[in-house]
Amino acid sequence: MQKKTRLFVAGLLSSTFITGTAFAGGTHPTTGEPLADDQTFIYRVLDEHTSVDPQVVEDVSGSEIVRDLFEGLMNQDADGNLVPGVATGYTANEDNTVYTFTLRDNAKWSNGDPVTASDFVFAWQRAASPELASAYQWYIELMSIENASAVIAGDKPLDALGVKALDDLTFEVTLSAPLPYFPQMTTHSTTFPAPQKVVEMHGDAWIKPENIVSNGAYVLTEHLPQERSTRERNTMYWDNDATIIDKVVALVINDENVALTRYMAGELDRTEMPAGQFPRMSKEHPEEAISFPRLCSYYYTFNLSDSGPEEFKDVRVRKALALTVDRKIITENVMAGGQTEAFSFAPVATAGFEPPEAKMASMSQAERDAMAVELLAEAGFGKDNPLKFNMMYNTSEGHKKIAVAMSQMWKQKLGVEVELSNQEWKVFLETRGNQDFELARGAWCGDYNEASTFLDLMDSESGYNDGKFESARVDELLASAKTSGDTTPLYTEVEQIIANEVPIIPIYHYAGVYMMDSDVGNWPVNNVQQNWYSKDLYKIAE
Amino acid sequence: MFAKSQKAQDLAEDVASESVVKGRSLMRDAWLRFIQNKAAMGCSFVLGMVILFVIIGPLFAVWNHEEIDWATMGDVRGLGYPSIESGHFFGVDDLGRDLFSRTIQATQTSLLVGLIGAAMALCVGTLYGVTAGYFGGRLDTAMMAFVDILLAIPTTLIIILILVVAGKSFITLFLALGAVSWLTMSRIVRGQTLALKSREFIEAARAGGVSDTAIVTRHIVPNLAGVVIVYASILVPDMILAESFISFLGLGISEPNTSLGALIAEGAGTMAYGTLWQLLFPLFFYVTIIITMFFIGDGLRDALDPKDR
Amino acid sequence: MLSYIIRRLLVAIPTILLLIIACFFLMHFAPGGPFTSERPPPPAVLANLEARYGLDQPLWKQLWDYVTNIVLHFDFGPSFKFKDRDVNDIIAQGFPISLTYGFLSFLAASSVGIVLGCVAAIRHNTWIDYFTVSLGIAAQALPNFIMGPILILTFTLWLGLLPGGGWNGGQWQYLVMPVIALSTSYMGSISRITRSSMLEVLNSNFIRTARAKGLPARTIIWRHALKPTMMPVMSYLGPVFVYVLTGSVFVDIYFSTGGLGQAFVGSALSRDYSVLLGVTILYGVLTVVVNLLTDLAYAWLDPKIRY
């Protein structure tokens, strides 16, 4: 890797550098690797984050910052397992409707105040408050907290929400329905505490670097919109002694190719790989090109509502189209970044999920194609009566490539005539949400590591079910999964129905594909949600 | 009574048979000046070659512009380079589609965008400008105030909004480009019309009882032709440049169709990855068209508006 | 003169007002809104959001509140996307950046362009002329957005001379590439316009007279030819000035400068109504002011024009 321009970046960073850290120049306490003197981690973000307010943040780049600045009840380790955060542990009553969290007594805000249960009560009420109007109010509803819907709608006061501080260090949550995976949900930024005094003093401006008070391993020291944001070690953090990285810088670089160029010039420690570049980069820089599975699915959804085309009401047509998509070409030639072929909606990597034995997955592509031709002929389409439809995706280089490849597969193998239309993001969402499409792109990332975060989309009542797929059996299975102790067979059956009915065409499951400087230690590649914490990283001396 | 002279009689006969005084019209003069301009003629020739290439190029193409070459798509860098053997004379794009056919298709789009965009500006701008200028008074003030307001709205905003509201197709693209380009044209035309209106020959026509419509169509518009054609020729490369900017924002025309701007934007993204042909071929055609249009525009101006030199 | 300026400014007020109204309705006409998202919020949440930002009011009321807030408090409203910032913040942060690199680009483009154009005209039909003309045409014909990646590859990756992006308070290392990228195509067109204008002036009668009187070439060019040459150049520079100060979205995208160009296009795409309107108004005001300045400069250059 070239290091020429490092000089500039290093120069600008060292100007605000905090000196006197325990680890600089030493060795890592558990692995024994030599640590670099400069423990600064610089990474690229695609877009400016919209907020670092834990209750308001909704984008990925903002959540990454919030996870460093604030600490919730529970954290995730490098494998995505639950580990204590501000809470040292929790107990649940026998039907999983009341959870009691015990907080550690040494957790502090960056201004020295202790973190108490009332900070969580304030934050959770704040998240539900109609006045703050956070777009993530739905998350409070999703957590099934008692009275959540009524509080959000403004029908009940904030203190009716089922959260209570029994004492300074005991936080109790009452749920309206049993939720076995509730503790998993407390790793999400919406549930992080907020400092009441500071929020009330500064209003919306409390998250500006000059005002912010946080309880995580880092504090926000600089924010230059559309350029960069910087967070630095929080000396008040209870586990500050174990933190190795001193400083984390997020650089906003909109163009992925420029980001890669700047990475190659040594300005960044991490950047996303542009589609199709992974094979070349892993050949040239095997140490730095990394790829690992993520909890996201890429799919196309049929419009099965009344406004959808008549042709798609025939399951044979849907099946034929799904069979013909050569996922291998898309994962290996188009994306080429270690993505996996998808034959189920929920990714195989999802915890407690077993995909059904799909006939399709075990067939060769030639067999699938032959079967598709047959099915389509049965449905009454052929050379003299070609199937025609419109497929819609939102404007992006990557989506375009996949859509073009799919349309060509259909055209060449089935003689299907596909019209491609790409729409700008907001228009796309509006059109898709209004069922004003025939076949539309979709993608979904899990909010938590459990198959329901995906499969709930297939519920006929779901607000995200844009294809309007309806199956009484699926609704029933999903409802019983909410309270069941063993959900695995239920989810498998839902996937079996999806495989038979083909309301969507799963294309691939995402991979995190990065160029990551080889001196970055402990990147959590096994955390499928990619909830990473800078405090767990370190820089190895080169 | 006047005596009928032989001379006068001959002249009358000549006039009747239109053989002697062959009028040299303004347009013919301009044409003669234009063909004497070497740069403009050279560029017209080159542009003609480009157009010829666009027309007969597809006859030689082995692949069409949307077909994916599945064998090369996996290793575009290693297999997709320009080659006669593989039939990909200009190489392939990132998806393994033939760049030769795509460049031809893109050139067609860009030329169409340039010509139709400029033509729209020409029609709307002339109509608007002549109306405002000829009828004058309050109507003129109101119409020009409207143009001034539109001119103060950033072009990018108008283009984005039109493309966002109306969806993407050739027609909306032309609409979007036409919508922003007629404004300046209308101001120029109005200015010229104002100047023409007070000229003697118009006053004479009016005194002779010629109707407003006839004055505008028979006397004003033909006299505007020079300025309008010159400005339109300048607009053509502007339109092509504007389209490339739209493509850069990802709001250009829909796949599998493409434009030079879109191809260049794609090629520029991948230029560091060893597939430079993806940038160079479309860029060559783009630059050629723009440069030839510049010189043809200059030539037209010299030819049609000699006092400007 | 003063009364002319005042009259022009008075006309500007209704123009800007109409501009606000036109943009406001155009914007609301576009499909999708600021809260359209991949995870559409439940109706109750959406209602809260709309109430918070006043989007539940009828359109005319929203427009009225918006305009009165501007007039009374100079408040352009909150951003719908960036929760901790309002439009005033965003403009205050982005405009100085756009202004800095835009103004420098304008200076670079006009000074280099004018000098090249004059030199080419004075050395008409020599290799210098041909060279400058081809350079100018090439600069103008290249789509300006490909300059970004080319510059970053060259100066950051291969030569290692300059940082690949960022603003960093406008230190010179961070300014070089944005200014080159933005000014190149204007430089090309300015040099071409200057050249042809200068040629025309040099062929005109009063220059011939001056030559005949035996004035030295330097005096002819500096004292007599330059001013009339600038007339058509001025009318081109005016719009370029506005454009360069504001419309440099590709510079912001490639060089992460954080200017208003990106804020503007980004707000249009994310339906951040208030930011979009705020920036549009800024552009509108700039356009009006620069047009006025151009006209005044005209009067200065051409003594025949009197206002």
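We call the chains A, B and C, going by the order they appear; numbering starts again at 1 in every chain.
Operating definition for what follows: a contact is a pair of C-beta atoms (placed from the backbone, for glycine too) under 8 Å apart; a residue touches a chain by one contact, two chains touch by 3 or more.
Chain identities (UniProt): A = Oligopeptide ABC transporter substrate-binding protein OppA; B = Oligopeptide transport system permease protein OppC; C = Oligopeptide ABC transporter permease OppB.
If you're wondering where the values come from, they're calculated on a predicted model, not measured in any experiment.
Legend note: the chain whose CA centroid lies nearest the centroid of all displayed protein CA atoms is C.
With B-C and A-B as the two chain pairs, more C-beta contacts join B-C. One finds 38 Å separating the Cα centroids of subunit A and subunit C. Distance between chain centres (mean CA atoms), subunit B to subunit C: 25 Å. Per-chain Cα centroids separate subunit A from subunit B by 48 Å. Residues of subunit B in contact with two or more other chains: 164, 269, 272. Within subunit A, contacts with two or more other chains are made by residues 255, 257, 261, 424, 426-427.
Shared interface positions of subunit C, i.e. residues touching 2 or more other chains, are given as 30-31, 148-149, 153, 157, 269. The part of subunit A that touches subunit B in the complex is made up of residues 255, 257, 260-261, 274, 276-277, 280, 329, 332-334, 336, 395-397, 400-401, 403-405, 407-408, 412, 420-424, 426-427.
Across the complex, subunit C is touched by residues 145, 148-157, 160-161, 164-165, 237, 241, 244-245, 248-249, 261, 264-265, 268-269, 271-272, 279, 283, 286-287, 290-291, 294, 298, 308-309 of subunit B. Taken in their complex, subunit C has these residues touching subunit B: 15-16, 18-19, 22-23, 26-27, 29-31, 137-138, 140-143, 145-146, 148-150, 153, 157, 196, 200, 203, 246-247, 249-250, 264-265, 268-269, 276, 280, 283-284, 287-288. Listing the residues of subunit A that touch subunit C in their complex gives 2, 4-5, 8-9, 12, 48, 50-53, 56, 58, 130-135, 137-138, 141, 149, 152-154, 204-205, 207-208, 224-228, 251-255, 257-258, 261-262, 264-265, 267, 424-427, 429-431, 433, 443, 463-464. On subunit B, the positions that touch subunit A within their shared complex are 66-68, 70, 73-74, 76-77, 94-97, 163-164, 167-168, 250-251, 254-256, 266, 269-270, 272-274.
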